[in-house]
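Same chain, two partners: chain A is paired with chain B first, then with chain C.
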Partner chain A sequence: MLRIENLHAGYADLEVLHGVDLEVNEGEIVALIGANGAGKTTTLRAISGVIPVSSGSITFEGSSIDSWRSSKIVAEGVVQVPEARKLFADMSVRENLRLGAYRRGRSEMDATFDEVFELFPRLQERASQIAGTLSGGEQQMLAIGRALMTKPRFLMLDEPSLGLAPKLVADIFDVVRNIGKNGVTVMLVEQNAVRALELSDRGYVLENGVVALHGTGDELLGNDRVREAYLGL
Partner chain B sequence: MNRLSTLVKSSSSDLLVLLGVVAILSILPVALNPFLLSVATGVLIFALAAIGWNVLSGFAGQFSFGHAAFFGLGAYTVAILLTKYSVSPWLGLVVGGLVGAAFGLVVGWVSFRFGLKGAYFALATFAVAEMLRITFNNLDYLGAGIGITIPLVYGDDWVRMQFSNTREIHYWLILGLLAVAVVATIAIKRSRIGSYMFAVREDEDAAAALGINPLKTKLVAMSISGFITAVAGGYFTLFFLFIDPDVVFGAVVSVAILLRPIVGGMGTIWGPVIGAAVLSLLGELTRSLVRDPPAFLSFIEGANGLDQVLFGLILVVMIIRAPDGILGWFRRRRKQAQT
Partner chain C sequence: MGRKLTSDTTVNETTQGRSRAWVWTVLAIVAFVLGIFLVQSGWWDSNHSVFAQAVVSGLLIGGVYGLVAMGLSLVFGVLDIINFAHGALMTIGIYASYLLFQEYGVDPYISLLITVPLLFVVGMGIQHFAINPVMTAPVHNQLLLTLGIAIMIENILLVVFTGTPRSIELPYARESFDLGFVTLDFPLKVFGAVVSMPKLIAFVMAIVLALVLYVLIQRTWLGSAIRASAQQPEGAELVGIDINRIYMITFGIGAAAAGAAGTLVMPFLFVSPTAGATFNIIAFVVVVLGGMGSVPGALVGGLIIGLTQEMSQIFVSGSSKFLSVFVVFILVLLFRPQGIFGKAHR
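The block that comes next holds the complex of A and B.
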């Protein structure tokens, strides 16, 4: 579904990715793990079109999307839940969600609201609350729900468990699993590598801007180097 | 039709306030003497300009320090079309608005395309307004530094928009334009493009991640904003019948326009109008005090420009104590009272 070949990208004069290759098949959940600064978030931002690609290619379902505007990429169904949630803090929960769905018609919007509220009953209860006053876990649910309102086919999650209590982390990972079951392909960037790999079909380990290792979730969980460097086992 | 009725329903409180405000303001000419009526008309002209500024800077979060550019372009378009081509100001106002919108698109495209944000965008708009002021000061065709005077007409002339009881009619006309602009901003606020503007203001990256095109959103805001402020500038020409580059393109104009929504409440529907009323009242009070001070204040007699000093002080106090303006301050107080 998504194929990245020899991707170089970064910020101004600083190149962060030095030739990343990876592939995600339709219906998979793929984890992207690695240390801070390895290039996980940069990879997601390059796919979303938020930062320019300096060389290499990103193809989504056969079309080369690496020079597309981010709005066009979202329209194609490739959507990112940004790190640190980036909610519109002064708007209500409903307004935040609606912003995700404006591109589509009103009747469709109502149906998507129902789907998201089914996944996150909590958001329905708090629909008119101001987003900035939600708890950390609820904010993360809203960020994911808002991205789902765009009806993504390929959803990228950047550190969804960041700063959440263990109980909530488990909830969020359950949600990610459900999203995958609903037929959305998922790419998951996580510090919490054990949980991420347990959940994922396959995983990629990024080191210093290149893919150091890849394999199925179980393979990586059993790999000595991964266990030592990222799982602390 | 359906969408219109939803809009009316969801904005009914704003529309009711508008009806009330227009009703009260429309009987004002009966109560005011001619001088105060002129002052009130000036208040409304700048309130209209401020509504335009508020769309770009309040709604879409792109702070402009150079809205005199639009104001002046509107003013000059009306003046030139009328004096050189005998085009009725009715048409002139529309053309002026379109010139403002087109200019906004060009300036916006150049600045936003190259990623100007925050203070840099504000500086760019300031520079653009100054460039226009200097250019117009040097173009003989446009009257250069002498400016343009609109010839007086005697009696009623609806085509040239001059009337025997000119004060009242201009007051009502600008009040009508202001009402239209308020309705327009209510509609924008409730619409998809309005939500996009708020999203871009809050967090451009997050907006882009949802498929919103920030560049396009900012350009739409810039052109609507330019249109409204240019119409206000065009009306300035019609009411004062004289313009020159310093009067309509000067930095003082830019500041006057941006101060109103900041004092009233940026990004709100009523902020620009409230700010215009409060600041103009304060300005008039200070000026009359300086002209004829009571005994204990006799030392300020003739201290022209004191109102400007006062505005500066107000701006500093507002930014420290109530950065969200008078409306925001009241809203916070009400919320505190509730909890």
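The block that comes next holds the complex of A and C.
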């Protein structure tokens, strides 16, 4: 579904990704793990078209999307829940969600609203609250909910468990699993590597801007190098 | 820790609230004493019509300032660009309606139907071709660019129309209008103040357009996308908003507001290539006063600056109209730097 080949990208005169190769098949959940600063977020931003690609290619279902505008990429169903959430902080929960459906127009919006509220009843209770005043966990729910409002076919989540209490972390992982079951292909960036790999079909380990290792979730969980460097075992 | 944070903010807010209350109290006392003094000294009896004239003129022109400033504030709030070409865009509106009136006899208020879309397109073009390439450039480069655009527009107008000031006479400016319940006999007399028809129309239309703009931004789908792009550009991109398109539309709307204001003031102004420049300077003060990026703040700020400008003429006769405006500007920066409607940056 998504294929990245020899991707180089970065910021101004700093190259962060030095030739990343990875592939995600339809229906999979794929984990992307790696140390802080390895380039995980940068990879997702390059896929979303938020930062330019300097060389290499990103293809989604056969079309080369690496020079597309971000709005067109979202329209194609390639969506991310960004690391810093990037919510519209001065707007209500409802308006944030509505903007998620920006490209689809109002007619189809209501059904998706129901789906999101079913997944996160808390958001329904807080529908009129200003997003900036939500708790961290609620903000994460809203960020995921907003992304779901776009009706993604390929959803990338950048550290969705960041800063959440253990109970909520478990809930969020359940939500990710459910999103996958509902037919959405998922790429999950996580520091919580054990959980992420357990949940995923396959995983990639990013080190200093290149893929150092990849394999099925179980393979990586059993790999000594991974256990030592990322799982702390 | 959460508790500590909350209590800190509360303390912060109450101290701020107290210092603000203190400033208002002092101002109220000063105004009261001044009022007593003026009435006692007989100044009021001999000057109240001058006073009424200043209030009326100030409010009328203040509405126009509000409209001009709204466009400027919108562009600043969304694109983070301080647009020095805003006044020049207004001048294009002035000349467009002037030409339409002189050459084709188009009523200035009807010509809004042409000048507003014209400036919208011009604004979109400027954003797309000139400003977009420098969106991420340092602020001073952006300033130089918009200033350059302003100078270019002014000089093109100068070449085409020369610097000779022109003016028009609205054919129906001195007629009476029977509204059924009341007859309006222009120029109107209100509490001893004279209200000319073009100024009244400019005020009313400016307020209407300002409200339309406000509703557009606050209540429509497009407005929602514009506000989203202002608050969180990357978040907006990630929900599929074409942010460059939003920037073009926003700049177009800003330019259209300037064009509309230009058309509205044309009938009572000397038309010249720098006619809009004065409004640009005042609009900057209004935007800072109302709160950078706040659209309703721009309207309220416009009315306040209009009033200030006219009222100061009574007390300090012969002074430049700008003097008092800049005094207010400095006071605002001292006491409420975020403006009336702006949010404090903490």
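The working rule: the second predicted complex is superposed on the first by the 233 of 233 C-alpha atoms of A that agree within 3 Å, B and C clash if a C-alpha of one lies under 4 Å from a C-alpha of the other, contacts with A are read in each partner's own complex, and residues count from 1 in each chain.
What we mean here is this: a residue touches a chain if its C-beta (ideal position, glycine included) is under 8 Å from a C-beta of that chain, and two chains touch if they have at least 3 such contacts.
It should be emphasised that the depicted structure is a prediction, and the values quoted were computed from it without experimental measurement.
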Clash-or-fit label for the pair chain B, chain C on chain A: clash
Contacts of A:Ala229 with chain B and chain C, given as first, second, both or neither: neither
First (chain B), second (chain C), both or neither touched by A:Asp90: both
Partner chain(s) touched by A:Ser48 [first = chain B, second = chain C, both, neither]: both
Which of chain B and chain C A:Pro82 touches, first, second, both or neither: both
Contacts of A:Leu119 with chain B and chain C, given as first, second, both or neither: neither
Common ground on chain A, meaning residues reached by chain C in one complex and by chain B in the other: 48, 50, 69-71, 74-75, 79-80, 82, 86-91, 95, 98-100, 102-103, 146-147, 150
Chain A to chain C touching residues, read off their complex: 48-50, 69-71, 74-75, 79-80, 82, 85-91, 95, 98-100, 102-103, 106, 146-147, 149-150
Chain A residues touching chain B - in the complex, by the definition given at the top: 48, 50, 69-71, 73-75, 79-82, 86-91, 95, 98-100, 102-103, 146-147, 150
In the complex with chain A, residue positions of chain B that touch it: 192, 195-196, 198-199, 202-203, 205-213, 216
Residues on chain C engaged by chain A in the complex (per definition of touch): 221, 224-225, 227-228, 231-232, 234-245
